[in-house]
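Mind having a look at this structure? Questions to follow.
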């Protein structure tokens, strides 16, 4: 392990060499930043991973059932397991997707499930990301470089190789491909995750495109070369969000979308990964209901726990939230990326009163959660000293012909000792995640 | 890979041009530095004139600071390198992460050279990276067409610069014959009649550099 | 763009579509069951037009039976960004005292009948995507605003309501009105004219609000100013006996 730590700087230098960056807008200007890498890995034991794997597969399978139900017959609403307000008023519910069945009925092909481990070693689900979860490329390339930098570490430890992510991803695309090439649709190089888009294209053999070379004709999608020759597209791993996907169906002013791509999809002529409309299932308000979903669709108890969550929408929960405000973290369901998160005890009296007014006026907009006592991970600080920091784990769950969990994940940590927020957009770094084979 | 769109062929072509521009102008810059040492301290203005950029430098010191390193000067070497990067970054899936890394290294090292006590020695590293980049193009990129479009860009830029800098007839003919090979294999559309005219000009013993340069600019279509 | 189709109320007996300059176009049905025509023109062009001519037999029925799937009534119970109640509408909603009435149909009728007291027809006051609340605060607007306000109030009563785009005899443009789901049937209300929807109306499309059913939408590449105009002519033909 020591050789890994000694190599920390080398690995960061190599990451720079390979352009492992993410884009960020500061004061209206686009900048590329390196994603700081910490060389002490998070280690998950073999039996622990087997438990996580069972729980994650169960969760993602239930979420896929839920999406098929919501955009289909809506049994879960009719059976009153989830109140209709939580579905149809969710920003992520897209009416144009109603009644549309994606190829092989898979909605969430690539799911990024965020977990945290508490001090007593239990794992909790923090949130589900079923739209365009990003981050798998970073541990993929970091592992490649670590193996070069400290080969002895990998011959002495039994670490499951995580460089198969591209194969898993390709399998998932091929599984739903309707007959044609695979493409990765990126908003372009000024997107925060452009490195990942281009790296995954390289590694999966899919064609990277910004959509300018794609047309929809006779309800099929085609990729056009410089001689005007057309090649049919069978699967689009799109890294642009739903609202920008098709100006003819969603946000009309979108210039990065492909006109009529939704019609080709509606008619079953192309697969979109992930399916549009998934936002209804990873809504923070819906999160509360996921254990109920697992019971409803699969007839099983949830293996992985949610963080204890309250919905101010229900009167008794509202009462609890008001009584225990200072011990809770309140999240705005419409926000993401670590924004819209308020810790009850961090507010001044005045702000608190203001916030409670807002909460009472718009109870559906918020969820409240108990603050989990994170199990901190060690990182190396600027002086090379080990210091504990908050960290989470994004597990990647891929649904092809079966649902598989990538034996690794993106461990993000907060560099600020007082912060719980680990998002790269807010200055966090990442670690490799080792799953031990025995 | 099989499919190259208009946009992508454009990026490959300009990737070839800008990497070559960095390579040849950097080499010529090193030569200029040498001349300025003792024989002609004002020689930089000759360089500007030859490659057709406005001499905004005013002094040898300013030229040494700005021409290689000033990112706000669009004629500087680093600006060409940045443009090469812009074209490379969107083509990772075609040229490969390994190949792209050399553009990144060139950028990192040119920035280091700016702050170095011996910038010339450090700038040699930049040339090394460009050569390694071309090595990767030959070695790593499987698709012949992709290779040929990059090399076509490189050839066109080199010819243009050699004609401007007044290289020998022999060098011009050699580069032209290479470039013609890449052009035919690139699959890009070009004007046969222009090619024919250049051919016959170069067949003669004496040809006008300026005329060839102008014709070259009209060679590739769309 | 949307095309009229057969419903319980109307039968489309002839329909002739002429899209200028575009030979390849396709048809589909969206999630609201609307019939949609779409395509693209590759060649550069300075203008483009669609002419649709046809005959529709109206007044076949006065309502439309509610079919559950794929449409879901619950979706039409949920307010949208355009129909959500603000303070002004909320206050007005309370003042109507609709809870004193028994049936949903009666409530819908009272909403429509009362609206002229507080809202007047006026072009050029409201914007294209004006919210019901804003339009109501201004007190004046066009058919779209009438419809949004009525939908907003219906949904506040938990009555499923949908926005309808269509045509009326004697109008020069498309029109918008409302359908409310009462006891399993969709009934049509035209709040702009304070009139129940009858055989003078041809339905084209429906949705949760105007955003779902704008008659035509499109985009183009290039740098140009654009303008758009629409003309609607509806003439009555006497029914001939077989």
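The letters A, B and C name the chains in turn, as written, and every chain counts its residues from 1.
The rule is simple: a residue touches a chain if its C-beta (ideal position, glycine included) is under 8 Å from a C-beta of that chain, and two chains touch if they have at least 3 such contacts.
Predicted model only: the values in this text are computed from it and were never measured.
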- Farthest chain (mean CA position) relative to subunit A: B
- Query: So which chain ends up in the middle if you average the CA atoms?
  - Reply: A
- Query: Rounded to the nearest whole Å, what is the centre-to-centre distance of subunit B and subunit C, using the mean of the C-alpha atoms as each centre?
  - Reply: 61
- Message: So the centre of each chain is just the mean of its C-alpha atoms; given that, what is the distance between subunit A and subunit C in Å?
- Response: 38
- Note on the structure: Note: subunit B residues in touch with at least two other chains are none
- Item | For subunit A, residues that touch 2 or more chains besides their own | none
- Task: Using the touch definition up top, name the residues of subunit A that touch subunit C in the complex.
- Result: 73-74, 77, 84-85, 87-89, 95-100, 215-219, 247-248, 252, 259-260, 263, 266-267
- Task: Note which residues of subunit C are touching subunit A in the complex, please.
- Result: 24, 26, 28, 30-32, 38, 40, 69-72, 74-75, 77-79, 207-208, 212, 217-219
- Query: Okay, in this complex, where on subunit A does subunit B touch?
  - Reply: 16-19, 141, 181, 188-189, 194, 198-199, 201-202, 206-209, 212-213, 223-227, 229, 231
- Task: Could you pull out which subunit B residues touch subunit A in their complex?
- Result: 1-9, 86, 89-90, 92-93, 96-97, 100-101, 104-105, 108, 187-188
